[in-house]
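What follows is chain A paired twice: with chain B in the first complex and chain C in the second.
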Partner chain A sequence: MHHRSLDPQLLFLLFVNAAVVVAAMVLTGPEFTSAYNFQSMASQVPELGLLALGVMLAMISGNGGIDLSGIALANLAGIVGYQIAVATVDPSVAPLSYILVFSCGALLIGVIGGAINGALIGYAGVTSIIATLGTQLFFTGVAVGLTGGSAQMLGYIPMFDSFGNVPVMGIPLTFALFIIIALAVAAMLKFTKFGTHLFLMGSNAKAAYFAGIPVRSVLFRTFFLSGILASVAGIVIAARTSSVKWDYGTSYVLAAILIAVMAGVRPQGGYGRVVCVVLSASALQLLSSLFNFMALSNFFRDFAWGVLLLMFLAFSRFDYRTWLPMRRPS
Partner chain B sequence: MTTMSEATTDAPAAGEDAMSRSTLYKGRAARWMVRHPAVFPFVLLVLIGLVVGTINPFFWQLANLFDILRAAVVPGLLALGVLVVLAAGGLDVSFTAIAALVMYPVAVFVSGSAPDLGIAPILLMGAVAGGLLGTVNGILVNVLKAPALIITIGTQYAFRGLLLTFVGTALFTNIPASMTRFGQLALFRGTTQSGLNVALPAFVLVFLAAAVVTWLVLNRTLIGRAIYAVGGSSDIAARLGYNVSRVHLFVFAWAGMLAGVAGIMHVTANRLANPFDLAGTELSVIAAVILGGARITGGTGTVLGTVMGTLVITLINNVLILVGVPSNWQTAILGAFILLAGLFYARLDRLAAGR
Partner chain C sequence: MLRRSTILAGAAAVFAAGIASPALAQDEQEIVTVVKVAGESWFIRMEEGVQQFGEDHEGVTARQVGPGRADAAQQTAMIQDLVAQNVDAIAIVPMDPSALEGVLRRAQQRGITVVTHEADNLQNTQVDMEAFDNKEFGAHFAEQIAECMGGEGKFTSFVGSLGSLTHVQWADGGAEYMEANHPDIELVSPKNESFNDANNAYEAAREILRAHPDIKGFQGGSAIDVIGIGRAVEEAGLEDETCVYGLGLPQDSGQYLESGAVDGIAFWDPKDAGYVMNILAKMLLDGEEITDGMDLGVPGYENVAVSQGPGEGIIVRGQAWVDVDASNWKDYPF
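For the complex of A and B:
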């Protein structure tokens, strides 16, 4: 599962990243490779990347596992965090505690939302598609209900704004946070019992159950984690845009799944690598920026994402079939 | 089913007789509910009707009831398509994109090139175009062998992007005369005491006809048997000699066809074609089918249950305002209903299996 560090998927993703950069240089000129543009792209990767990590965890768990509620929960977390912070702290007097209250409130919603998903799927036995479809509508609905559908402005808080938008030593802080979280998730999958259990359960749920793996608790923790990742995405979005809104990033449901599938995570469960998800998120961001540089519309981007998703499904199928027999003898 | 009930009766020890009997009865009741999936949404329908009707008697006015029926036509047609795909063990979320990608070009094309075309050929065009787009889904599911949800998320974005990038984004109001006429055709027309004109639109019959035909396909044809067999277990169905690929092609084409018809009906009912319409209603349509007792795991689901489920969802969307629930909270309540239905059926399945 983990023994080859340079699997074909990883090489392929590195190649895609490089190819998009080269294509961009040819098609749009040198501004694309300016430090400013790379920083701006890097600061846009985390929100989608975090959601994609959540989708990856859900997919690895197997049995058609998927988390469709990610962006809805991220937005709800931002909104509730904002409402708690505004009600308790005056941002002009104590900006740091305002940010802390906001972040803790958002994380709390991630914990609650993740626990709801986890309990529904792990303990109540609801299929993950139904459960997360329901919670997606529910989280969105609560967000609309709380705000009346309008955007909530956080106001300009220098510290928070610079976390979202000002790079330190050339690296956007949100991107650094994303990389740290990705490393933590990767380490968890590789070195903890939970990680081992998750992969085993995703490969064969029945065998895992009879081997004594606590299937329900593993499922609960998987979706719980995904919820927390979503709320961190919500905080990052708020920092970057200085506002929270219930319908931010409506196309992220697809984009997060696209990133996971492009990263070679098996939709049937049992396989997925964090490093590939990070590279896949960056490839998508490069492509998205390229479309922006070429002044292509958002509708075209949606079209391209849909076609890309199907192409990568085709690719992974081809890839899967060709190297399965090679692994048999070992 | 019978082997499962035997397993539950002999499992508990002698001392737990009373308990095992109660589990047995619960199991029996659960299995009865599983066999009659229309009961749960029907009870919900009656409950909502009674509660809302008591709080606000306007609910029972003919005008309101006709409005609900009218609003149920498009989601109902879409839901019948989802039912057939679910019964075969798949899931389709691209149907609203198909409906939009069919309705807009058809309306534009007919009014530009053949403005005198009757409603029947227009519906046929919609059905054929939708069926072809659905077939694309079916082929992709067969070739890519990935979960149908993920494939149809891809085609949903591709179809919608195709429409908005290459076909058009402008509101189209100059729709063909035959569609306008069909939209206004009434089965029943009357005036209430308050002087309000009420009419039951004739296009409700399109939904009825689609429901009857889908029922016939599922219950009276070989392909219907094959759909439930493949949905129950595609491996076993394949070993029994069912052609699984052909079933996939059929169900996605059928769902696409119904989506095409739904798109045409949407334009007919609203008398305009908006390419941004219908997108985002997938979830409530799927919710209607789930409420109607079809399992996401496949092999189950009935037309009657789906029709009931559609009515429940349409009711929730239309009557909350009558009882003073602010429209801002309607999405949350819809989500809660889906979760409740999911919980109810998950519990039911465990009881029916005697666990």
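For the complex of A and C:
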């Protein structure tokens, strides 16, 4: 087996996932391990997971790369998609085209928002934390301006609601979508020139520049992709809640970063694995649901997340291989 | 590496198989109240009502939960977990009613009883409980403000957020009352958002006092708005020139009521609201019918008005507001 595919971070994440499930079996009733609950938890992962993938890409790009505008862009994408769809299609007559117009509108906003972020960071050279903080406020402002601050009701469209809430062959469709997108991102990072360039740039931007890698264009595409991922999150949110609103998921900004860091994505850039982000997101979801099942306070959950993050950071700094008695060449 | 991971996985599997999940034999009805945010005085008081209900009723487990941060996404996630847990009934004070339609539809499909509070626009609920008619409540503040202002001058309104439906209804109810009854009262920069934060309310009130030095009336929205407004009014030394009324909690607003910076507050007792939500949930669980004019045995809910909601459910309204000013705030221990 390839050495990289069994790195300690991945093992540790697998262990945490398994440990939480085992703990849940001990600490709560049989409901936790029911198929219904696993479906329920799986359907909660995608919105945050997609945003975390975006943050991961930004972090890999190096130079303190971060994308704070994800959830704001997701909400704006949902809102604009809704306004375009409601103005052009009657959902009771043509639900499928309503959903398609909505999704295309949302994706379009993801493209535009991602391009704005990409242009600011890649071509104008603005530090990503400043640029995306600015665009976060900008996207939120536009979203409030368009809606007057109130929630936009998509209405009950059975087809769309089923996409968001009803599992097919035991698997929630939004979760399947998330996994497909995660696989696509992983493949892109591994097999395309863009992926290689991104990792090289993240490791050493100056060396990458002198090696002839189009640094600006790579940065642009990174944040562009992150924007598109955010708009997909916006579509998933709309499907799950049948509504869009500017302040949905304000706590996701930090949660997405937490997931990325726990997944071992290096904040200095140059390293990050998609499979770890997915496992990190699922670990957080399992833990969060477990605490809800145990009726523990949400403040305790925040505390536990903090402890877990510190554990992960400590773990990633600790190279246990130097402590093993026998070191075989791998 | 490989061997290590195999051992790990094996150990986990053995561990998992060896432990039978403790199946709790529970015939008790479990009613869970989900509030907007945990740890706020309003919802701490509500929890007293929820716990009281649990103590008063044998065979019922009543508890209250809420997200650590006021975010509709976190509340939705919490409710989804409760649905997966298969509790008997959920009583919800939604952060954003529209965001819950999907998860509540699923809850009802799963046979879970759903009761809500402060969400008369929600479709997927069986009973929505309102302490009173929201427009009337807003008009009630406006009436007091108008009388205090002597029927003329400028007034403004606050809301927790523009997304908080009830707050907006109070502000609108107040504005409509003024327009209909007091043509000399002018509404300026209405519906300032405090985001349920006294500091934001204070900043917004200061800005308004700068922009309109002659302003006389303030109508608060969220329970902490009057605190922020009161602080700004006190700093400006305008206690006697201004009329501040709004939703508030007696102990939180007491010092401003004493100084006259806040002239009066009204509220519905969240303890009673929590208690009544649980009564309604239990009635639904027991298959009892809720009818117009019913006495639920809690002050302010002795003669409830029942009307059809926007969905299949009903709306139950009480007349449960309590007026409090400098003379009687000490009577309330919260």
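Definition applied: the second predicted complex is superposed on the first by the 295 of 330 C-alpha atoms of A that agree within 3 Å, B and C clash if a C-alpha of one lies under 4 Å from a C-alpha of the other, contacts with A are read in each partner's own complex, and residues count from 1 in each chain.
Here is the rule we go by: a residue touches a chain if its C-beta (ideal position, glycine included) is under 8 Å from a C-beta of that chain, and two chains touch if they have at least 3 such contacts.
Keep in mind that this is a model prediction, so the values were computed, not measured.
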item: Which of chain B and chain C A:L309 touches, first, second, both or neither; value: first
item: Chain touching more of chain A, residue-wise (chain B, chain C); value: C
item: Partner chain(s) touched by A:V261 [first = chain B, second = chain C, both, neither]; value: first
item: Contacts of A:G148 with chain B and chain C, given as first, second, both or neither; value: both
item: First (chain B), second (chain C), both or neither touched by A:L133; value: first
item: Contacts of A:L120 with chain B and chain C, given as first, second, both or neither; value: first
item: First (chain B), second (chain C), both or neither touched by A:S289; value: second
item: Which of chain B and chain C A:F299 touches, first, second, both or neither; value: both
item: Chain B versus chain C as contact partner of A:P95, first or second or both or neither; value: neither
item: Which of chain B and chain C A:D161 touches, first, second, both or neither; value: second
item: Chain B and chain C contact sites that coincide on chain A, given as residue numbers; value: 144, 148-149, 251, 297, 299, 301-302
item: Chain A-facing residues of chain B, complex; value: 91, 140, 143-147, 149-151, 153-162, 164-165, 169, 283-284, 286-287, 290, 296-297, 326, 328-336, 338-339, 342-343, 346-347, 349-350
item: Partner chain B, residues of chain A touching it in the complex; value: 64, 66, 120, 124-127, 129-131, 133-142, 144-145, 148-149, 251, 253-254, 257-258, 261, 267-268, 297, 299-307, 309-310, 313-314, 316-317
item: Residues on chain A engaged by chain C in the complex (per definition of touch); value: 1, 3, 6, 11, 14-15, 18-19, 21-22, 25-26, 28-34, 36-37, 40-41, 43-44, 47, 144, 148-153, 156, 161, 164-165, 237, 240-243, 245, 247-252, 288-289, 292-293, 295, 297-299, 301-302, 330
item: Contact set on chain C toward chain A in their complex; value: 1-2, 4-5, 8-9, 12, 15-16, 19, 21-24, 38-39, 63, 65-69, 71-74, 76-78, 80-86, 96-103, 105-106, 110, 123, 161-163, 168, 193
